[in-house]
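Below, chain A partners chain B and then partners chain C, in two separate complexes.
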Partner chain A sequence: MSVSSSKKLTYILRAELGKLVTLPLIWHTLIGAFILNLVLAAAFTSAGLQEASGMQSILNIGLASMGYLQAGFIILGILATCSEYTGGQIRTTLTTIPWRGFQLCTKLLALVMITVPAAFIIAASGVLYTFIMMRDTTVVIQIDTMLRTLLGATGYLTLTTLLSTAIGALLRRTTPALVILLGYYFIVSPLWRDYLPGIRNYFPDTAGYYMFMPTSSDEINVLSPLQGTGISMLWTMFFFTVAIVFYRRRDA
Partner chain B sequence: MLTINNLVKHRGTQKILSGISFKARPGRVTGFLGPNGAGKSSTLRILLGLDRATSGSALINGKPFAELHNPLATVGAALDGSGAHRMRTGRAHLNWIACAARLPRSRVEDVLDIVGLTNAADKRVGSYSLGMGKRLGMAAALLGDPKILILDEPVNGLDPEGIRFIRTFLRKRAESGNTVLLSSHLMGELAETVDDVVIIKRGKIVADGALEEVIGKHATLEEAYFALTSEQAGDAR
Partner chain C sequence: MRAFNAELSKLFSLPGIWLAFLIGAFAPAVIAALDSIVEKEEIIAGVSTRLSEVGYIGLGLGVQGVIILGVLAVSSEYLTESSETGGGQQITTSLTVVPSRLHFLLAKAGAVAVISILLSIVAIITTVSATNLILGQYVPAFEASRLIGAVYYWTFTALIAFGMTVITKNGIIPLAVLIINSSVVSFSVLLSKVTKLAFYLPDRAGLDMFMLMSDRFHTPFRGGLIMTVWVAVFFIVAIIIFHRRDVAV
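Let's look at the complex of A and B:
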């Protein structure tokens, strides 16, 4: 990359970051996800205290809210792209940054810069709460296991956000994108898992679970965390490539 | 210089533009007139790289918009509405544009002052009136101090003071050698502001020339416009 291109990237990345952080909806979504996750972690911990113990249980209970928490990150991803189509902002964006593929990639990068720390903090807060409440039930604290699991959860939430961003870029409207993605993650996918057991591990959400799902001795995991990450990344890259092709070709 | 050459645009089976050609020259204000749905906005959107032409070209200083090295410093554009998200403040909107175009923050304050929005800059765009939204769009267009301005209905929604400001401002820009292309429905206003007129009807140019030439034997630009765009008038020049 030439000096000029790298400078251009820096300025445009800063602009895309500025766009995201000055949009109150982004903050409302992240704060809402943080609070909801803590409430769910408290509920799951309260239920789990009756029967569970050990480090593995702390991670299981602390991350039990991930299924619901992903909704917040789906909304975050959709908002990042669909907000461009509110008030005709897309016209301003494309007359300021007319290199469409470059602009969308930069937006994605800016979103990653916000999502990674936010996802880590939110996921860690649930685990930390559970750990504090259940610390008497475990003797050994396996920091490396906890960190690996949290990084996996962060990766999963980040990839879910990026996939939602791509769907948002394709559909351009918040409500249809929300209906399709939330419908898939909360209705279609759980149903498919029962009807299509042979391929269920290859869906973006089920494959993604292996990125952070703690392995248990009595369960045969079909995918390793690395395989889960790879399949999730492939889904995200596929939708993002389709989104870029459409974004470049169609009228704004 | 803006050069539209044999521009054709189809949307589905509908023909929006049927091979239109015209130029907007430096040092002159060019008015782009036509009824609703005639193809004015489509032409401006293609010129700005927002829509793709089916065939033909729309060039800015000989280049398509996407090939401009520094678009905001070359062309300032204000299309319909503010072009800003309603939940962001006016200042935040201008700040990200300035950042993307490598312009100093002080330039944001300058343009806010030029369009008279300094006091409302920290309010959310959703609370702006139609006229304030227009002013914000104009501020964004002026950020890069461009040599070319492309404005869609710039005085729509403005109060008399705002209309007067735009008229004076655009005349000054043109007199300094800049190119101004604007579309408008307000015939009386346009006659006060423009040097050249292009009239489009159903995707075809029906008049193109200096204001006096287009008015011709008619008493006013409005009369000439209606004579050229009425159902009885010929479809093309």
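Let's look at the complex of A and C:
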């Protein structure tokens, strides 16, 4: 049966979305991330209420949980690719879609379609909670600043997810991928911040921070949000290209 | 005893275990070495304030290795094989051979504990030698009581990881929670700003056994005691759940 290529894309995209949506672990991860983020936002808010607050601090406090929230999205990204390899699902996938690069690209596209709304809702819920709790103590919030920050946060979470997907596709096993990514984001990177202050801005997570962290006066912001986005995108593209190259050459 | 040997052999034949050994043995040394380099500059500049902490930060953060060990020991049993090879789980075989679930769990916990003790001793050796190598004559004396505290902390963290994974059956959740929690930006540090009760969480109490932090809350002995209670609670819950749960699900 021959189908036109646009039809083909729709079919494959629908199939990849179907596979992602029917993974129970993905829903557990997203729901868990949502609840945990609210709990953390509550903790940060109650810690922040004791200090003097202003416009910046609503966004700062509301997004302070981002550091933890990214763990949920790392898991999401890894699950999306590694679930294919537990059991023989990958062989069924490649039998029905015998174009490997194309298949991985559509999987990524499907993942973006899930991640973007989820990331936006979760990040916004944290900021909203902080906003409601701190309403009495703060000045009027500017909607456009808030929206821009939230979009930056969404972009950061999406890029992190895609990066994890690429690493997951490279390693093909959930545990090593999880250990390496969590180890990097939570252990290595904070240490780098202390020991190698010169080059830290060019790593995917610190560059990504500039996408949503409001500029503060006491810290020298080396990168603008746009530069930060560019650098994280480059990292994601790089890992993704490597993943596709390996995926095409490797025995499934 | 034979069950214990079997568990040891199962653990050593897991491919992921080598990642745990690698991280457990060398990550503390690398972190301690980086910390020592910074510290050395401070000593020479005469502004050093935390000389007695050098090296221990590596042992505090390098606990990842045994977390992976504890999680993998259980999650590998529950891993569903590919449908092309029958879709079985190792746990069914394990419980056929060792029908007493309590014995099975104790043998496995024993194997995990023994390996973590050995791994933490290796980590201490590499960390101390890395610190000696870099700091030279400035190196502080490593007290035996604090090093024993570090061994205790590593072993009990591995057992907590083990108990948690028996409860969840899936490695992802305990791995994520414990790795984040043993990092610089842990939940417990955050919670301890909100409530004093957070100092009774296992990692905060456990770190007090060998880290002399400015916000130290427990004496080393009490820290060890609190961690023991946590391990006991996790194990009792894990044993009860494991005893009542159907293996096939």
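Just so we're on the same page, the second predicted complex is superposed on the first by the 248 of 252 C-alpha atoms of A that agree within 3 Å, B and C clash if a C-alpha of one lies under 4 Å from a C-alpha of the other, contacts with A are read in each partner's own complex, and residues count from 1 in each chain.
Note that a contact is a pair of C-beta atoms (placed from the backbone, for glycine too) under 8 Å apart; a residue touches a chain by one contact, two chains touch by 3 or more.
Computed from a predicted model, the values in this text were never measured in an experiment.
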Contacts of A:A71 with chain B and chain C, given as first, second, both or neither = second
Inquiry  = Taking the superposition on A as described, I'd like to know which of chain B and chain C A:L23 touches: first, second, both or neither.
reply    = first
Task = Tell me which partner A:G183 touches in the superposition: chain B (first), chain C (second), both or neither.
result = second
Request  = Identify the partner contact of A:A47: answer first if only chain B is touched, second if only chain C is, both if each is, neither if none is.
outcome  = second
Touching partner for A:T86 - first (chain B), second (chain C), both, neither = both
Task = May I ask you to decide whether A:Y195 touches chain B, chain C, both, or neither, giving the answer as first, second, both or neither?
result = second
Message = After overlaying the two complexes on chain A, where does the chain B footprint on chain A coincide with the chain C footprint?
response = 25, 86-88
Chain A to chain C touching residues, read off their complex = 25, 40, 43-44, 46-47, 67-68, 71, 75, 79, 86-88, 173-176, 178-179, 182-183, 186-187, 190-191, 194-195
Task = Please give the residue numbers of chain A that touch chain B in the complex, ascending.
result = 7, 11-12, 14-16, 18-19, 22-25, 83, 86-89, 91-92, 94-100, 249-252
Task = Give every residue of chain C touching chain A within the complex, in rising order.
result = 16, 19, 23, 27, 31, 34-35, 37-38, 61, 64, 68, 71-72, 75, 79-84, 87, 171-172, 175-176, 179-180, 183-185, 187, 190-191, 193-194
Note = The residues of chain B that touch chain A in their complex are 45, 48-52, 65-66, 68, 71-72, 75, 77, 79-89, 92-93, 95-97, 99-102, 125, 140
